[in-house]
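Have a look at the structure below before the remarks.
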Amino acid sequence: METIKLTIDNKSVEVVKGTTILSAAHKLGISIPTLCHLKMHDLNIHNKPGSCRICIVEIEGRRNLAPACVTECAEGMIVQTSSVRVINARRTVLELILSDHPADCLTCAKSGNCELQNLAVRLGIRELHYNGEKSNYQLEVSASIVRDMNKCIMCRRCETMCNEFQTVGALYAIERGFPAVVSTAFNQTLKESPCTFCGQCVAVCPVGALTEVDFTPKVIRALADKKKTVVVQVAPAVRVALGEEFGMEPGTIVTGKLTTALKNLGFDYVFDTDWSADLTIMEEGTELIGRITKYLNGDKDVKLPLLTSCCPAWVNFFEYNFPELKEIPSTAKSPQQMFGAIAKSYFADKINVKREDMIVVSVMPCLAKKYECARDEFKVNDNPDVDYSITTRELAHLIKLVNIDFNSLEETPFDSPLGESTGAAVIFGTTGGVIEAACRTAYELITKKKLERIDFTELRGIKGIRSATIDFDGLKLNIGIAHGLSNARTLLEQIKNGVCEFHAIEVMACPGGCINGGGQPLHHGNTDIVEARWDAIYEADRNMPIRKSHENPSIQKIYKEFLGAPCGHKSHELLHTHYFDKKLVVEVDLD
Amino acid sequence: MEKIKSLADLKKKREDLQSGIKLREQGDNIEEMIQVKVAMATCGIASGAKQVMDILINELNKRNIPAVVTQTGCMGYCYAEPTVEVKKPGQEPIVFGYVTPEKAEELVTKYIINNEILEGVIPVNYESIEDK
Amino acid sequence: MSSIKIKVKKEIIEKIEEICKSFDNQSGELINVLHKTQEYLGYLPAEAQEIIARALNISAARVYGVVSFYSFFSMKPKGKCPVSVCMGTACYVRGADKIVDEFKKVLNIAVGETDNDGVFSLASLRCVGACGLAPVVLVGDKVHGRLAADDVKHIVKEYREQFAKLAEA
Amino acid sequence: MATYKYHVLICGGTGCRASQSNKIIDNFKRLLKENGLEKEVQVVETGCFGFCEKGPIVKILPDNTFYIEVKPEDVEEIINEHVIKGRKVQRLLYVDPKTSEHKADSKHMGFYKKQLRIALRNAGFINPENIDEYIARDGYKALATVLEQNDPQATIDIIKKSGLRGRGGGGFPTGLKWEIASKNAADQKYMICNADEGDPGAFMDRSILEGDPHSVIEAMAIGGFCIGATKGLIYIRAEYPLAIERLKVAIGQAREYGLLGKNIFESGFDFDIDIRYGAGAFVCGEETALIHSMEGFRGEPTFKPPFPAQEGYLKKPSNVNNVETFANIPVIINKGWEWFSSIGTEKSKGTKVFALAGQINNVGLIEVPMGITLREVIYEIGGGIKNGKKFKAVQTGGPSGGCLTEKFLDTPIDYDNLLAAGSMMGSGGMIIMDETSCMVSVAKFYLEFTVEESCGKCTPCRIGNKRLYETLEKITNGNGTLEDLDLLRNLSTVIKDTALCGLGQTSPNPVLSTIDNFYDEYLAHVVDKKCPAGQCKALKRYVIDPDNCIGCTACARACPVGAIKGEKKLPHEITQSLCIKCGTCYEKCKFNAIKIQ
């Protein structure tokens, strides 16, 4: 590989051709501040507008200062990252950004975790020399996401995520010059837009322009209300990320502390979404087997491939973009919604609490879950199966709020009966996990043989689209996996065009799956954090005594006691759903 | 239309065009005709060059004066639009500026017929590449 | 998530779809499509942009992002007598700002607005290339050059009368 | 009716008038009448001949005699000798300093002419909608020659050696640009013509396209052949309907003749051209923004590299040149690089087209050799300042350029000198300002333009220019402080240093150059709260001179805010706190009693 030698801040360094000054400096341990730049290599996320101009450096012999994030190193280049000229320019540029930013850090959701705020501290901004008109856009509070574009710094990360990575196309830069901002078409609300509420825009926003809708006040009020029985469920990906909010190494598994914290917070029952993940496998797995059997029996109308339906952003995506395929996905509700449905029926009956007196809170790595639990079809008499869905970040905030010393908490197990789960459920938190869990169960149900090799490593990985053929004792099933909605789109196009060879496809909207969901602790562009969570998920799986969903005794019990058989009548009533055509309709106006 | 296939073709075409052969074939001799060019770029048109051109054609036709009136691009004298160049046979062309509709008529009656120069003559103050 | 319906006249849908088709529904031709659509409708309402987005298989946000970027595209209908004051440098140094002010005063609208009866709209534009006639105002396609602020009310009166006559007829 | 035998053309330009050209006219008229020749000889006053240093100029038609330095007392001799006897007055003819020959015929006196038309060679000469007229003027000969030679590198070398630099503003060597694009191998390349002329006050590209579209088409084909592109694209402003129409006609005619399309001149070279429309965004003059716009996106510039030559339109190697640059190409091929490079200065070869505008007599389009001075352009070609006012500044380079003062009038115009003087060549707008122009307001005017045209992508341009504009507004409103001047300078420097594209990097130039050259005027606004040019409304103060006021009450009745008080027939007074400075009273007063301070 061709290498290049250059000098940065009087230190020499040798780098591969094509390396940016930013990376070369990083190699020398020189940190050049950035703002718009976002590069998550393995996940194929790259936002490089080179536009905030915070990372400018001085290159000898050049007339202008150069942005380190996009300028490639050249042989013999002499770079100063912090000369007085650079510092003056960098501070001035930052002052300019701040001059068009609401100075409301005190009440901003991002305070303390804001890249702009950190930069202002780092560059020691005490006074703004340039003042003038400030942007004034309408604040929008949707079901999941709060858009306060007065805080937007036009880094365009959200636009990159929404268009290039997700191909959702809800957000785009509009207008030009000073009024330019990232917005929706015609400034419509997110609900009116094709937004899937995947929350990846929120996950990458360096400032407080895009944040989650905060349900912690509502949760606190519910907990304080003596008349309410408050039940909480925790999604698999939360346990491998929450620790980060308390200074732990990324990838620390904190399941036991998490349950203790929730109990300390005052939740009446601390349950596990993993439990309903196992339930999902029973339903979805049975559905898959049913479809495959029909297919093998020569039924030409059977809808294949079966698409997973756990990810609510993904559900939103196909409802809007591929409504003609809405009969293909599994009708199984997501684990969050299965949990809610069971909690407010089976469990409520069991503890003799009226539906209206039970509050179900979910802790999710996700923003689309907030939207999902507010969907009308998941309500009974206007009472939602899941009342509030809060993110990992919101939970961390709650824990800090009530002065719980998280790091020194004792470890406790989940409550029973909706707390028992298997390793198959934990891996729901990562790309490939749902389908692997399904395979573990389907294998044994189809072949009636014991699965010796539990780890389907061929289904794992970080590549955007993966595929594997799994041998079910002679029956070969083609499995597809996509994470990131652009990849999902590719597979859906194939299905639409009739060139898809898969029998089942798992889709997760977020890059890497739920471990990197829009509700997780902010990674600030650090891919290592996401990968550490990924490893932790599989470690958690390995740590579980039972690793197949159908072996979960609590699941077996509920079928015996309450549900009957998977995909049976009761299941259909409680655990399955249907999808809607949400494509924009242009109607002929007859007047 | 026939395609031009080579440099030789092009040269021949150019010579034919330069000697005005085309016009001669049609029975006219361009050398003996009055040539009138109206600057018809946006600025000219905005100041009324189209109307001026119509008047010139009308007036010349009315009097059966053998003349060719064509449009051309901007002559550069924006301050004096509309501008018209008149070339009488055997004479240097003269550029007239500020040609209003009334002046267009006068251009025919006074200059073309009576050889009386109108106000607003613009001295051509540039060299062309042929001169250089 | 949208499932909103928009209502548009049939011939408009068909015409816009036909325009898109004439450019092979290529998203790269977006700007040409917008030009043609604006030529047809006089402006680019949100509904038209949605139809274009659908036909070219791109997001409406992108269409809107492009429409709002270029000053040639407008989402508001123009008046029947669109007044555009040239604000090119040549016109500026010869007092175009005073002409704009006068139009604002006489028409009682701001730049970018259309008056209540939809007759006049006021816009500024950059250099129509008639610098020799500076300052210059375009009303529709007609150029009015070498203007002074005093001429403004006469121009407005002239068009208003013309328009009134047309309306009677 | 009489037919005139002779016409006497007398220069009525500012220079010649100053040396009594009007007296010459009077003398001609009088003496012709005395001789009974007024029906045979017509005396006409003309515009400037552009040879002011040898004025007054008298030209006699039809024999084209050109007399220089004519004095009123010479008129008699001219009439007696030339008009009556048909003999030229030798002593008044121009003497060629080299050959000592007397030159009589102005046709062969090109050397005095300040302008040389290369890019504009056909504009105003041929019918742009008739390809034959273009061909008759050597049209498509250069393309034929290039294709016959069949050596792209040789042609690139000619362009390189000619010294031609991009006429769109940047001044990058055209030949080198082609060479880079030619070396990037690809299955498809594009030759792009930038006709998105957005500089307010510059319209040379439009004039070329309207007057000589084939020169651009021919040059694009030549360039296409050189870099290996078979497809040409012209990105043109939608605001130029006539230019678009003429381009379409020209492209159609070129196709009919086989000069565009497959196998041009049977050389095996295919080339065709498509038109793309701009939609009103100045920033699309920047080549990466232009390419994004052609691809159907927002016209936002992107960081270079990759340059268009590496990754351009549809990610294919592309070359972007401006209209005027292209218009030079066929001439360079036809007349040779030696000829072209003999014109101009050491580093800037050939000519440049300028759009002269503003407070100047001969507003128009001119083409001058590089190296000419601003003084020659303004006073000899432009005919001097309008209404005999005093020259104050000349603005070149549009929103990217700066304002130059009197001290630069004798600087030879070329890319590097203009840059060194704090301005730039730009696309060729040249706005002349007189003493009535407030330079702070001029800077504000350009900033307003930049703020409106900024794409909004990078921070310095999106917010920085807005803040510059706001500070200038504060100053023109009389609220500026000395610190503001400091801040203006610092912010301007930072924007230049940090903006993403050429638009942003040059946008503070109007501010910096006016601060540098007219600091006193800024001080007057900031310290004395006065606008010396009297342009800034907020700094105007209307007062009534009690000596002139007769108390007619006309002003008081007209004042829209009731700021004028006073008894009938007694001097009135303006309450300054109420005055909105609309100027109505000033206009109404018939007694010159209202003064502006």
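For clarity, chains are labelled A, B, C and D in written order, and residue numbers in each chain start from 1.
We take it that contacts are C-beta pairs under 8 Å (C-beta built on N, C-alpha and C of every residue); 3 or more make two chains touch, one makes a residue touch a chain.
Note that the structure is a prediction, hence the values are computed from the model and not measured.
Chains B-D form the pair joined by the most contacting C-beta pairs. Set against the Cα centre of chain D, the chain with the most distant centre is A.
Chain geometry summary: the mean Cα position of chain A and that of chain C are 43 Å apart. The distance from the centre of chain A to the centre of chain D, each centre being the mean of the chain's C-alpha atoms, comes to 56 Å. Centre to centre, using the average C-alpha position, chain A and chain B are separated by 73 Å. The distance from the centre of chain B to the centre of chain C, with each centre set as the mean of the Cα atoms, comes to 36 Å.
Shared interface positions of chain D, i.e. residues touching 2 or more other chains, are given as 203, 206-207, 240, 281, 298, 363-364, 452, 455.
In chain C, 62, 65, 69, 128-129, 131-132 are the positions where the chain touches two or more neighbouring chains simultaneously.
Across the assembly, chain B contributes 41-43, 77-80 as residues in contact with two or more other chains. Applying the touch criterion to all chain pairs gives A-C, A-D, B-C, B-D, C-D.
Here chain C touches chain D in the complex through residues 26-32, 34-35, 62, 65-66, 69-73, 87-90, 92-94, 125-129, 131-132, 134, going by the rule given at the top. Against chain C, the residues of chain B that register as touching in their complex are 41-43, 46-47, 77-81. Of all residues in chain C, those touching chain B in their complex are 128-133, 136, 143, 145. Chain D contributes residues 1-4, 7, 9, 11, 42, 44-51, 59, 61-62, 64, 107, 110, 113-118, 120-130, 132-133, 135-136, 138-141, 144-145, 148, 203, 206-208, 210-212, 240, 242-243, 256-259, 265-266, 331, 335, 339, 343, 361-367, 381 to its touches with chain B in the complex.
The touching residues of chain D, when paired with chain A in their complex, are 281, 283, 298, 300, 302-303, 305, 451-460, 462-464, 466-467, 470-471, 487, 490-491, 494, 496-500, 505.
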